[in-house]
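There are two complexes below, and they share chain A, which is joined by chain B in the first and by chain C in the second.
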Partner chain A sequence: MKRVYANEKWCLGCHLCEYNCAFANSKEVNMIKALKGKKIFPRIHVDGDNSINFAVSCRHCQDPICVKSCISGALSIKDGVICIDHDKCVGCLTCILVCPYGAVAKGKNGVVQKCELCLENSCGEPACVKGCPNNAIVYEER
Partner chain B sequence: MKQYVIIGNSIAATGCIDGIRSIDKKGKITVISEEKYHAYCRPLISYYLEGKTDLAKMNYRSQDYYDKMNCNVIYGQKAVKINKYSNEIVLDDNKIIQYDKLCVATGSSPFVPPFIGLENVENKFSFMTIDDTLALEASVNKNSKVLIVGAGLIGLKCAEGLKNRAAEITVCDLADRILSSILDNECAAIMQETLEKNGISFMLGDSAERFEKNKAFMKSGKTVDFDVLVLAVGVRANTSLVKDAGGSVNRGIIIDDKMETTIENVYAAGDCTEGNDISFGNKRVLAILPNAYMQGKCAGINMAGVNTVFDNAIPMNSIGFFGLHVMTAGSYFGEKDGGEMYEEKRENSLKRLFTRNGLLTGYIMIGNVAKAGIYTSLIREKTPLDSIDFDLLKKDATFAAFSHEDRISKFGGAV
Partner chain C sequence: MSVEFLYPEFEVVRNDNRCIACRVCERQCANEVHSYDPENGIMLSDETKCVNCQRCVSLCPTRAIKIVKSNCTLRENANWKDATIKEIYKQANSGGVLLSSMGNPNQLPVYWDKILINASQVTNPPIDPLREPMETKVFLGKKPEKICRDENGKLKCDITPQLELSMPVMFSAMSYGSISYNAHESLARAAKELDIFYNTGEGGLHEDFYCYGENTIVQVASGRFGVYKDYLEAGAAVEIKMGQGAKPGIGGHLPGAKIVGDVSRTRMIPEGSDAISPAPHHDIYSIEDLRQLVFSLKEATEYKKPVIVKVAAVHNIAAIASGIARSGADIIAIDGFRGGTGAAPTRIRDNVGIPIELALASVDQRLRDEGIRNNVSLVVGGSIRSASDVVKAIALGADACYVATAAVLALGCHLCRTCQSGKCNWGIATQRPELVKRLNPDIGSKRLVNLMTAWRHEIKELMGGMGINSIEALRGNRLMLRGIGLNEKELQILGISHAGE
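And now, the complex of A and B:
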């Protein structure tokens, strides 16, 4: 299955992936309208320190502990992609408690959101990868 | 064709079904469900009262789950006996069901101490099941005074759930702090303050001694008038089926890392069990949903004939009250037991990390709980702290604290 991988040597730490992610999932057609002046809730985040940066998003684990731990049945695996049903999620954050990558986070309305590889939004392929200026994130089969 | 029988129909049972079907697509699976419902998300009953979910959304799996998994579910009946010599279970109508492999996933029941006069209280409820919840919902109105006995996870989630449905809510507990099983004094005080700010009253270090119809007489001599009484003192693992059949039972059904009980062909999973807690180094009842699923799945795979273990269980909880979240995991060892504590306080958040012998053994995080799972995995994987930059990681859950090589192996390799 194709997944998103980061190359920390090429990551500039520009955070553009976070903005592209937030825009792709905003349902807006205009990036400025979608993001300007708003607190954004991206599903990918740039981690690192002064010397190194890398983007972290859901690894779509084959045996995902978040799905096994979800108390509301909101997380499930569809064709290898770990998906969240925002309507079922109650925001208990147990997935944040267990994800070893720190890759899930609370969204705007209190329920959890996570990377679904942009397969469900208008982008159709990971917007973070598409917009990365330095090819520091790739979407590929490994 | 193998015959699988699962007693119980909640999260551990679902894990068991998933586990069996990941190996054996054909064997016959029979599930004995005492409750007349599809497996549902038990911890969501407080969210139901709060209006954050509804009965349909509380189904753990899709409506066609049992059909898809080719399971026969017997609703509204109870298993009363395991006959280990003939590999049979007996139901409450004397019906006998044969098994090749059996999983006991009977969960736990509310423990109600023998309070004097409790029989005189008409409006009294436990808070464990959908039926409890619907009955409680029907008895509470905007004018109700509610007394909840027990300031643990169940009692306090019940208090939060009822907040906008009742006039007054008082929670009492014999312990001198709330959430005493997962929080230390200072952390408990922070959570208590939030609950109090949101209108929940507490009587701690005090408990009911006797009851009249609408009145509790406390140990301290105080009295509390109430319209509705919720009993959330604690739970007890449902162990009797295995105990009566001669299996090893302590506070829960004793299981090994394969989820086998001491009876041949009988496995157990979920809140009814006592398995290894690797953060504590001993057996414990770990009555939490993630462990129930993982134990159930492990049992199912073993029952279907493939060897597997679930050998890194720890206690862990994520719970919020009125928007303030607290996460806890593992065990906290004090100085006298060779443990150390690191504390990080920021505005509106507190983090306490507990270490011993070069390992992270537990933590409490209040407020900012982002990326807590990174700490949880250090406990579960017993990561030696000298292999990472723990001073950096203490402050912030960042992968910068891991070596480049560790990051590559964790994240699936560099481009």
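And now, the complex of A and C:
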């Protein structure tokens, strides 16, 4: 299955992926309208310091501990992609606690949000990868 | 403000209606122009530090930034131009030599733009390169004067070593140190994929790039940085750098700040020491001395590799080239006065040397007149900007062209001309690790391959239009060129007729 992989060697720490992610999931067609003056809740996060950076998003584990731990059945696996049903999420945050990668986060409504590879939103392919200026995030089969 | 104050050259214009305060500009500017004001949630800019490299403009996701020329003007004066006055101020402030980077930006004639190319009509048919074969391959090196046969009548094929290029363009010398590891890797990988050559410059060859040796020209300059047996053996050819178009008469200067880690090891000099190449080669004071170095290098490489002698285009270039052609060199590389550099004294860059077009035409003519044109191949550089410049150079008599500025542009350079600061935001002319990694060689080499592939298509189209299907048949074919707006003397030196003649 194609997944999003970070390549820390080429990550500039520019954080563009976070903004592209927030925009792609905003349901707006204009980035300025979507993000201007708003706190963003991206599903990918750039970690690191001045010398090394990398972008962290859901690994879509084959045996995902988040899905196992979900008490409300909001997290499920669809064709290998770990998806979240926002209507079912009760905001217990157990998934955040158990995710070994820190890839799950609280969204703006208190419920959890996570990377779903942009398969359901307007972008259609991972927006973080598409907008990365240095090929530091790739979407590929490994 | 004091007498030292100079109003910033550029203004950062930020459209606050578009800015989403993502701070990408702030994170990407090594000059620290941009900053974030958390109190008001807005971006601020300090344009005194801006060099107009356009990195922020290119990466801004909402196109909220543009950089414009400041219109704060001194009183207009045709004699004392704005730039001239400011240079005086700078020198009065610093007491130092003015430094500049990249090629001469002044308004001096570009002869390529005053030369027009022919096309076939009616009497001889043009050729369609998409339908018919078209040859852009060239061989560089000494060519045999006549066909020789052995006692059995078989052709003698033991000619001197040649460089085989898939197209008549190579990446010219840029040293590791003046440009980054990733820039070198991009050039090396692209040269390999394109079946052409790149040039190490005078800073030695990084151990990781010995694997690209077949597509590498190794340079020996007056500083002899990084030169040893394995280095000479690693390359496909050895280039002796006598001069550089951007700064004829002086050697390369790399400040100690850039001599870090691998650069120091590759150059074989201590970390932090300035790499100042002497102006002359201290063992070369005549053509005979040059001949000795040419043959020393040939001896060291067992006569398996052609030797290139690179000189800057200067006033007496025809006589100099004639001497080099008799020195045993296989290839002469001539670098015109618009050639780029990582750092040069401004006065030298802007005032020393001559245009490559005139140098090429006079050298080719001189070597032909003296019957020694086949002794050497001619490679020209110094602002070859496009496929049409290549075609014009070939028709004026060059065997191939060297490009470097065009290559770094492909890698992302925006010609801000501040390479000397070492803070290249595009990861090219810098050794700071956090900046170097901005140039991913996967992307860089691909862009170089794209550029050269595009040029090769255009060269074929232009050749086809002239009814020529082999680049060899174009070389020195000056009847394919006409001058426009040139005087008699210029036409005479270029050896071409005026348009309409």
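What we mean here is this: the second predicted complex is superposed on the first by the 142 of 142 C-alpha atoms of A that agree within 3 Å, B and C clash if a C-alpha of one lies under 4 Å from a C-alpha of the other, contacts with A are read in each partner's own complex, and residues count from 1 in each chain.
Criterion: a contact is a pair of C-beta atoms (placed from the backbone, for glycine too) under 8 Å apart; a residue touches a chain by one contact, two chains touch by 3 or more.
Computed from a prediction, not measured in an experiment: that's the story for all the values here.
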Chain A as common anchor, with chain B and chain C clashing or fitting: fit
Partner chain in contact with A:Arg3 - chain B first, chain C second, else both or neither: first
First, second, both or neither for A:Asn121, with chain B first and chain C second: neither
Degrees between the directions from chain A toward chain B and toward chain C, using C-alpha centres, nearest 10: 150
Partner chain in contact with A:Gly13 - chain B first, chain C second, else both or neither: second
Partner chain in contact with A:Ile96 - chain B first, chain C second, else both or neither: first
Touching partner for A:Gly131 - first (chain B), second (chain C), both, neither: second
Which superposed partner A:Ile32 touches (first chain B, second chain C, both, neither): second
Comparison of chain B and chain C by chain A residues contacted: B
Overlay on shared chain A, then closest C-alpha pair between chain B and chain C (Å): 10
Footprint overlap on chain A, comparing chain B with chain C: 9-10, 135-136
Residue numbers on chain B that touch chain A, as the complex places them: 15, 41, 43-44, 47, 52-53, 57-61, 289-290, 293-294, 297, 316-320, 325, 327, 329, 369-374, 376-377, 381, 392, 397-400, 404, 407, 410-415
Of chain A, residues touching chain B in the complex: 3, 5-10, 47-49, 52, 54, 56, 59, 65, 68-69, 71-73, 87-88, 90-102, 104-106, 135-136, 138, 142
Complex contacts: residues of chain A adjacent to chain C: 9-16, 18-20, 23, 31-32, 35-37, 50-51, 131, 133-136
Residue ranges of chain C touching chain A (in the complex, touch as defined): 17-20, 22-24, 27-28, 41, 59, 61-62, 433-434, 437-438, 440, 442-443
